[in-house]
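Next, two complexes with chain A in common: one pairs it with chain B, the other with chain C.
Moving on, here comes the complex of A and B:
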């Protein structure tokens, strides 16, 4: 028996999936624009972000309406709660894509610095992380969501490496300080996108199981530290 | 056992003739809490709460087994007088049922008079006190001698609550007390419950999921005479442990 509520939920989920595809495109255009030095592709990000913002508002108001009219409970409630939060994460990811696009524009217009090595790897990692997070939502798949949580450390490590190597490089190339900072900013933008993917994965796990896994790794780390020091 | 437990039910069964409608329920209600009972019609909620003040056995062919410890004493012990139990465990029904030929005043003190309280200053005091507690005093203080039945439905229900409170019960059972009321009267009774719980322990049957979620501390989900899930209300409504509870509260039942 399909409830009226199920139809509304399905439509809402579809809307969020379309929005997510724009977010993925925006990240793609921003990163490709930098790698291919294409201003045109960087420009595409702005159009996508406009659409993402529109969708952000319309998903929110649809959720609000469902909460008011259907007063969902249990899994229904957890799903709507997750959708509201994922919606916000997607919008922020769109903002970060715009930031990357802006920074990339500066970067490619300045004199070339050094070949990019780790950044393309980080692009790849983050795009996959975003993809898996969104997949976990679309397929309601807890394992995929947990996979995303594992990937976060790799992205952080890449960001740290880019920070360190760039600073090292700047020690002997003081004239490239602006490009270097821009690179660091881009790595930071990417890391934030990774964090939003983690949030999405955590929301998916909560929606599916009722388990709040946020800050769990932090607790585990503290536990391990305590264990190894005793 | 928990020191704050006021009502503890142990393996309670209830029958109408040969048909078992309550099938071995155990649960505990702590002092000053509200417990909501939810579940589809006919699952035994009313029968269950009617066992908690020995009202069930008044129906023809009805009987119950098991223990109901009220402040640690089993109300089903042989020498216990059911009437004395009903004073300590009050009840409010779905349809407001003030005594038809009695004034507001007399309705409130009916139970006390039965118990032999005669002093008019005491009765007056209790009437004011009980009507205050039922959030009805301001509306009726100038017409205490009007008929109880002359009040609106919502007021009549609060009058019944005042009547139940007048004998200072420990536990108040409420069987769908707002299902015949409009949203404003319902809201008043829900508000009242948050005050009442300071004095009594409340067990309330409700068909309104949102009402259960708003007013209760624990929620018990009944199905076919069995207690399927019993837990903290916030847990039951956000992440129920049992599939049947999930299906019922999300309207996927049947």
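Moving on, here comes the complex of A and C:
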């Protein structure tokens, strides 16, 4: 028979997984809404964000209750600690989906600028990165989590390329400056979603192994970081 | 005589306060470096960020140890819970100071664009906001924390004004587009620092009162949020 504590912890994990599915959905709606110029899909993000925000508070409250009533130790404590952090990242990913949705709304209502050549590639990379990060949590799989850390450089490179190409384009199309800035901000929003996925992966590794890889991975990629300045 | 637990908790708070002073200093160096075109001051941010990152890990580790060994209850548990979250926000504020420093480096090495009219005002607003948020933690003062929540709209409005004015300027100065984008990104970095200050204030209120004001304040300012899309 499952102990009361195990039941509560399992329910907490399940709650986080449901919340994560809304976050994935919000990112999907925001990016698809832009690609398909669908205001309706962009609107869907707001309803999802409300649910994400409610979960954000109720996951924290469940974590606090578990810590207070059950006084977990070792592995269980590490898992709850990771969930507290993952919860924060998920909520901010929801905020970024809303930012994308708002920016996309402006973008698709103005005259088209130029084909969104690299943005759909970045959408795909970021959605995959989010998917693998969440999968690593659901499956308690360290390898998947480490895979996420490798993907961050690709996302950063795509963002830098979109910045550069858009700036180049605007030099000869100054009248499209609002549109160009909107694209750049969307690329920035996506990069932030990638960063949150990295945070989640780092927290999963910590929960599973007790190893804090956070600023180690930062030190290793410092050269890349120094190239990107936004 | 102070209990062992109280000593540990006091030391943890002190550690967070030292970390917070580095964060304030990093923001100061980044913004002053830009205003005074001082590469040296911009460089100082990197050393500070290293210290912030080390503290980030050691504060988390101390929180986990306290939770594991002391199994705190009620008020103490809420305080530790808040510290875990504030620690994350402080580290990200350090990241944003680094972003400002990098963007500022590009900005001051290129030909000057136009006077930074509103940016110094935004620097001041954000530095004050950070100061009041940290003060509310140090002094366990709910009123100060609530004051921070009021300041967020002003910072957002300043960011929107900088976006708008810069875009307007660029329409007739397309050759300055890189410089303009850099300014916009700095305004965005500052806005994010303001958001993290809001998070800290919300965590202080939770630690002191048990009230979770996070998405309540979001709901109240939803109208303003909807106007701003970046």
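FYI, the second predicted complex is superposed on the first by the 218 of 230 C-alpha atoms of A that agree within 3 Å, B and C clash if a C-alpha of one lies under 4 Å from a C-alpha of the other, contacts with A are read in each partner's own complex, and residues count from 1 in each chain.
Quick note on the criterion: a contact is a pair of C-beta atoms (placed from the backbone, for glycine too) under 8 Å apart; a residue touches a chain by one contact, two chains touch by 3 or more.
Quick caveat: nothing in here was measured; it's all calculated off a predicted structure.
Asker: Is A:5 touching anything from chain B or chain C once the two structures are fitted on A? First, second, both or neither.
Answerer: first
Asker: Please indicate which partner A:213 is in contact with in the superposed arrangement: first for chain B, second for chain C, both, or neither.
Answerer: In the superposition, A:213 contacts neither chain B nor chain C.
Asker: Taking the superposition on A as described, I'd like to know which of chain B and chain C A:106 touches: first, second, both or neither.
Answerer: The answer is second: A:106 touches chain C but not chain B.
Asker: A:57 contacts which: chain B (first), chain C (second), both, neither?
Answerer: Touch partner of A:57: chain C, not chain B.
Asker: Quick check for you: in the superposed arrangement, does A:178 touch first (chain B), second (chain C), both or neither?
Answerer: second
Asker: Under the stated touch criterion, which partner chain does A:121 make contact with: chain B (first), chain C (second), both, or neither?
Answerer: Touch partners of A:121: none, neither chain B nor chain C.
Asker: Using the touch definition from the top, say if A:73 reaches chain B (first), chain C (second), both or neither.
Answerer: Both partners.
Asker: Can you tell me whether chain B or chain C touches more residues on chain A?
Answerer: When the residues of chain A touched by each partner are counted, C comes out ahead.
Asker: Chain A residues touched by both chain B and chain C?
Answerer: Overlap of chain B and chain C footprints on chain A: residues 71, 73-74, 77-78.
Asker: Enumerate the contact residues on chain C facing chain A in the complex.
Answerer: On the chain C side, the touching residues are 53-54, 56-57, 60-61, 63-64, 67-68, 71, 73-74, 77-78, 81, 84-85, 88, 99, 102-103, 105-106, 163, 167, 170-172, 174-175, 177-178, 181, 184-185, 188, 212, 214-215, 218, 226, 229-230.
Asker: Can you check the complex and tell me which residues of chain B touch chain A?
Answerer: 209-210, 213, 237-240, 245-246, 249-252, 254
Asker: For chain A, which residues are in contact with chain B within the complex?
Answerer: Answer in residue numbers: 1, 3, 5, 71-78, 209-210.
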